[in-house]
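Each structure below is given as structure tokens.
The two complexes that follow have chain A in common; it is paired with chain B in the first and with chain C in the second.
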Partner chain A sequence: MEILGLLGDGMLIALQPLNLLLIFAGVTVGLFIGAMPGLGSVNGVAILLPITFLVPPSGAIIFLAAIYYGAMYGGAISSVTLGIPGASTAVATTFDGRPLAMKGRASLALVTAAIASFIGGSVANIIFTGFAPVLASVALSFGPPEIFALMLLAFATFVGLGSDDIPKTIFSICLGLVLGAIGFDQISGAPRLVLFDINAFLQGIGFLVLAIGVYGIGEMLWTIEQTRGEVENNTPKMTARGMASDAGEAIREGWKGTAIGSFLGFFVGILPAAGATPASLMAYGVAKMTSRKPEQFGRGSVDGIAAPEAANNSASTGSMLPMLTLGIPGSPTTAILLGGMVIWGLVPGPRLFVDESEFVWGLIGSFYISNMAALFINLAFIPVFIWMLRMPFTILAPMIFVLSIVGGYAATRDMFDIWLILIFGFGALVLRRLDYPLAPAVLAIVLGPIAEPTLRQSLLLSSGDPMIFFTRPVAGPITIIAIILILLPALKLLRRKKPAAVIGE
Partner chain B sequence: MRYGEILTAGVLALFSIYLMVKSAELPIGFIRGQGPGGGAWPFWLSGIMLICCAMIALNWWRRTSPPSQSDEPFLDGHGWRTIGLVGGGLIGFIVLIEIISMYGAIAVFLFYYLWFLGRHSLRLSLILSLSTPLLFFFFFEGMMRITMPTGMSFTDPVFDFLYDIIY
Partner chain C sequence: MSMTKRALLLLSCAGLLATTPMAALAQEWEPRRPIDFVIMAGPGGGADQIARFIQSVAEKHDMTTRPLVPNNKGGGSGAEALIHVSGASDPDHTILVTLNSFFTTPLRQANLGIDIQTFTPVAMMGVDPFALWVHRESGITDFEGFLTQVRAMNGEYVMGGTGVGQEDSIVIAFMSAAYGLDVKYIPYDGGGAVARDLAGQQIMATVNNPSEAKGFYEAGDFVPLLAFSDERIPAYPDVPTIRELGQDFSYYNQRAVVGAPGMSEGAAAYYQDLFTKIYETEEWQGYLTSESMSPLWMNADEQRAYWGTQVESHRALLAELDG
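Right after this comes the complex of A and B.
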């Protein structure tokens, strides 16, 4: 009851006119920043951080948190409408969001993303409110072996994401992981894999460079080649009744994915090294594995959009937990928020809930209000995004190319990366023609830099004994589940081949 | 497509070997007191990539993968032409960025695509190709404070004028 009272007080703080204005402004700005390929919540929060010195600290952090929320909603927009994941958290949304948009159901995809994000955010807020201190200690019990086991589980779901051609899927995963290892060895600091001795590779290959190359340039080239540039525009006009019907369908078809994403997302989000990207990917994988219609995933499944969207929103709230309770940021955005709090004289950590109770509960209250505001603002803008999709393909295609190049440059400010985007785009076209799944490579490049150091730290802890991943109480079961998931597709394939062999005989 | 499958697998196998060699510039084994060497992770992953290429080649030989069963060409004449025109446009776009600035390159690329490839009217092509870079300028430079390449020095007067507006 005491918590409800504190939450009520917090909501009253969040509903003060200035704070409410900041919430709406933050969510709207975040939505558009998140929708822009190359820009994500981290850009929005970093760029607008100095502006927040004009308002009181509680208003400032509420504004930044609202940008974070808005950007999480916005990430799905470019995934669905342009087929380019604006941020790593929205990669999994592209798998089904884009195919659904191509079928003329972009409105359903966007409404599903908005509703799932809202539910994911709400579930996370409730868990956050009730169990923050307990969950913070759970998060702390995750050491390198547990985090690596979790990454292994994420990679295991990749195998399920790929095609039936297992060697091509594993090749794609390994390629992403190796590309993610280019630059410097994270532990010794020595230059590593400086390809063709080109010094520009020392800075590594960012996830966005590969993602924009594959999904922006590669996808468009593939569409142009397949359709001979004559893409039929089958996106219907948006009406209020249509949106209401889409909302009903989103809830009916996507409830399971939403539920999986909401809970899984939060628990992965609170882990300091994980965050919203592994959360959304794992939610997608689990939703596919537990679905009655797994064959629809990748072809426009509503559950395939709901699961990652609920997860990334839930995880973004979850990642605030270690930041507030332990002073450990769970993502780059929360690292900037943490920096902002320190500038304002607030010291994150276990004492924050006691010493700055009004601030903490005001912030938690603002999560609820921001989530609600994000839903309404997002739904209000869906007709605008749909209108954009109704443009002739010969206008949309060059705009997507331009956004890919400009977005790619905005993210890294390096012309070398623009050339890499183009090379990855042409490479993606060739590999896609030959049935190589490319999504696992994009996801592997995101998770590789988390997986490698945790593997090395774990092996260092155990003096090189890999049994450390099996004998620890949390890491053990996760590792075993991951291995089973990796072996499952191979076993399925063998079972499918056996009857064929009998017929052949 | 069948020819493309084995050719690509061969190229990827060579690339995997190259990655293994490059990774081996750092220690690839377990170093007592330090854990796995800096090259271990990419080396063993590249090794797995090489094994995958061998399996893809085996599947090609056994004709079990769809591309290995297909007699279709990898790309027909029209496909090569389309990809050449669009891809060539993109290469031109990137080359122009360092000459006439990001915004100038956007304008030229959009005009090329809309007017030449898209067959839109001259008026629509001009309106879109001139207004889009302006919009991008005010969004990126004005709002987001992200500076884009301004090209060679002859573009300076234009940028001086635009920067006077936003700063």
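Right after this comes the complex of A and C.
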């Protein structure tokens, strides 16, 4: 019960007028930063860091954490309404959010995203409150073989039980892996796949560049091609009753995805090197795999929105854990938060919970309040975003185009990325016409650069013996499950053939 | 071989005498957009911590009219950062936080076509020593015990580091050659990841900067066995230096800021002034002490001379590493 007392004290700190004001301001700012393509929580936190020197350290980090939270909610908004991922963490939300919006159910998509985000954040906060120190040691027990096994599992969820054509899914994964391998070899430092000897390829292909190209430009081209520009505008007006019934539907249809995303997201978030983007993609994969209606995924499944949205919020709380307890940032945004903490004289690390107990609990308390604030602010703004969708497509399409280009440029300030976005956009259109699923490629470009070095580190550890993935207590079961999942389609095929053979006799 | 920092300082002072002091430049130049503050390493390592600390100090005292925006480009042992900065479209708004891979990466990857002398010197913020660390649960308490354990494991002893040719691998290679050790070396993408995996006992020992290991040391998880500095590290007064054991060796990581090639004189003067101010703040001086770093202040011309001597000494060190 000591924890509840500490948490209560922490919430009181977070509810002080100044801190409460900072939470509301942070969440609102974060919401819009997250919704702007190309501007993710990383940029938001970096740009607003100076403001935090005007308030005491506890208020400062509460403000930054509120921005972080708000941005996780906001990312879904442009993913759903425009089809451009607002931030890398919201790419998986595009997979189903956009199709649902095209069906005229944008409000359902946004309400689902908001509720799933809230539940994901809440679950993560409760786990964080109760088990932070224990989980820190769990995170440490994940060495290179365990992380690789987890990545293998993520790929397996996309191959295993998908309803898509399996060879095409594998092709798509391989395409993503190759694109992700461009740049410097992380182990030897040697440049590789520098296409056409263009130096810009040395820096690798940014994930957001691919995502904006495929989903922003590619989706726009696809819509134009399918409808010849005559998009029927069937987005209904928002009413309070409509929103309430959407909320009911979101909970009924999306509870499973939300549950998966909440727990998986937190766990992936606490692993150093991972963060919210891989967490949301993995949650999407697992939700699809365990769903009774996997064929709905990619065509506007509520579960398909709930899983990644719950996961990215849950993971952002999760990634605070290695930062606070080990001093190691789990995501680029927490790296900036870490820099802020150091200057305020707070040394993150194993001693922080003991030495700065008031600060830590104030921060944890603020997670709860931020999450609540983000839900209400987000729900309040949904009608505004829906109104945007009611614009004619002839106005919306150029807007999507401009936002994609500006967003892609803002992230790296490199003209080369804009050409890549256009190339990926056209490439995506071609692949889509040939019925190739694109989500696996996006997954692979995120997870490939995590999987490859951990594979090689593991094999260095074992002097080249692949048994290391089976003999270690944590890695072993994960690897075996992953392999079963990959083989499952083949087994299913065999089972289906057998009865047929009997009839044939 | 000997490469004490004092000797290097003397050499660089000689370099200074040979050149004329930089003409006082008008301080009119000011950044017009956010400054791309490139870091040659991934998040969490020593270089990254320093960059974020510097950014925070600049923000706290409102020293820049436009923000410094940290940008981690650790790929290819910092080659990614060197390429990014040397090809910067706006050299006046691009600066780089360096470590010794500023010297080693262009040597190891000559095909990148990077000539570090084209970069613009800004400030030498200090040098960072290295120490050998093991996990408390290994039961090893001194360097003798470490040697016994490594030899007993017959090539199966696992050390982690930031990659072959990187600072820690140079130290490990020297130590292995001097004591006839055979260790397995696992590369990671940054000193932070290395320290984390020692804390999780995925690897058995590391050569980390004190700043990277500090949190775990204070929590009682890490044990320092040996320092690779000229004198004992003040925070660990009981830990001997490799010099005391009779090896003529010390090695430091430079923590310097450089500007992109082709930076205008006005911009260079602005950043030199800015980083002199940051260097002189109470916060930075406190950071040098708390993170066990040593000051090694140099002006622009001294830095250029220092680069020259460092490139030559690293050429020799790398030749030994590869040979």
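The rule is simple: the second predicted complex is superposed on the first by the 484 of 505 C-alpha atoms of A that agree within 3 Å, B and C clash if a C-alpha of one lies under 4 Å from a C-alpha of the other, contacts with A are read in each partner's own complex, and residues count from 1 in each chain.
Please note the rule applied: a residue touches a chain if its C-beta (ideal position, glycine included) is under 8 Å from a C-beta of that chain, and two chains touch if they have at least 3 such contacts.
Remember, it's a predicted structure, so these values are computed and weren't measured experimentally.
Engineer: Pick one for A:E452: touches chain B only (first), chain C only (second), both, or neither.
Structural biologist: It touches chain B, and chain C stays clear.
Engineer: Which partner chains sit in contact with A:M11 here, chain B, chain C, both or neither? Use first/second/both/neither.
Structural biologist: So A:M11 meets neither chain B nor chain C here.
Engineer: Is A:L460 in contact with chain B, with chain C, with both, or with neither (first, second, both, neither)?
Structural biologist: The answer is both, since A:L460 touches chain B and chain C.
Engineer: Where does A:G143 make contact in the superposed view: on chain B (first), on chain C (second), on both, or on neither?
Structural biologist: A:G143 contacts chain C only, not chain B.
Engineer: Is A:A25 touching anything from chain B or chain C once the two structures are fitted on A? First, second, both or neither.
Structural biologist: neither
Engineer: By the touch definition at the top of the document, which applies to A:I217: first (chain B), second (chain C), both, or neither?
Structural biologist: Only chain B; A:I217 stays clear of chain C.
Engineer: Of the two partner chains, chain B (first) and chain C (second), which one does A:Q203 touch, if any: first, second, both, or neither?
Structural biologist: So A:Q203 only meets chain C here.
Engineer: Touching A:I187, do we find chain B (first), chain C (second), both, or neither?
Structural biologist: In the superposition, A:I187 contacts both chain B and chain C.
Engineer: What residues on chain A does chain C touch that chain B touches too?
Structural biologist: Touching chain B and chain C on chain A: residues 47, 185, 187-188, 190, 413, 457, 460, 463.
Engineer: Under the touch definition given earlier, write down the residues of chain A that touch chain C in their complex.
Structural biologist: Within the complex, chain A contacts chain C at residues 46-47, 49-50, 53, 139-144, 183-191, 199, 202-204, 272-273, 322, 326-329, 332, 335-336, 338-340, 342-343, 347-351, 413, 453, 457, 460-461, 463.
Engineer: Spell out the residues on chain A that touch chain B in their complex, using ranges where they run on.
Structural biologist: 33, 39, 43, 47, 165, 167-168, 170-171, 174-175, 177-178, 181, 185, 187-188, 190, 192-195, 217, 221, 224-225, 228-229, 392, 394-395, 397-399, 401-402, 405-406, 409-410, 413, 415, 418-419, 422, 425-426, 429-431, 433-435, 452, 455-457, 459-460, 463-464
Engineer: Touching residues of chain B toward chain A in the complex: what are they?
Structural biologist: Counting only chain B, the residues touching chain A are 1, 4-5, 8, 12, 19, 22-23, 25-26, 30, 32, 34-36, 38-42, 45-46, 48-49, 52-53, 55-56, 59, 65-67, 74-75, 78-79, 82-83, 86-87, 90-91, 93-94, 97-98, 102, 106, 109-110, 113-114, 117-120, 128, 132, 136, 140, 144-149.
Engineer: Help me check something: in the complex, which residues belonging to chain C touch chain A?
Structural biologist: 36, 43-44, 48-49, 51-53, 55-57, 59-60, 62, 67, 69-70, 72-73, 75-77, 79-80, 83-84, 87, 105, 108-109, 111-112, 158, 163-165, 184-189, 192-193, 195-197, 199-202, 214-216, 218-219, 221, 283
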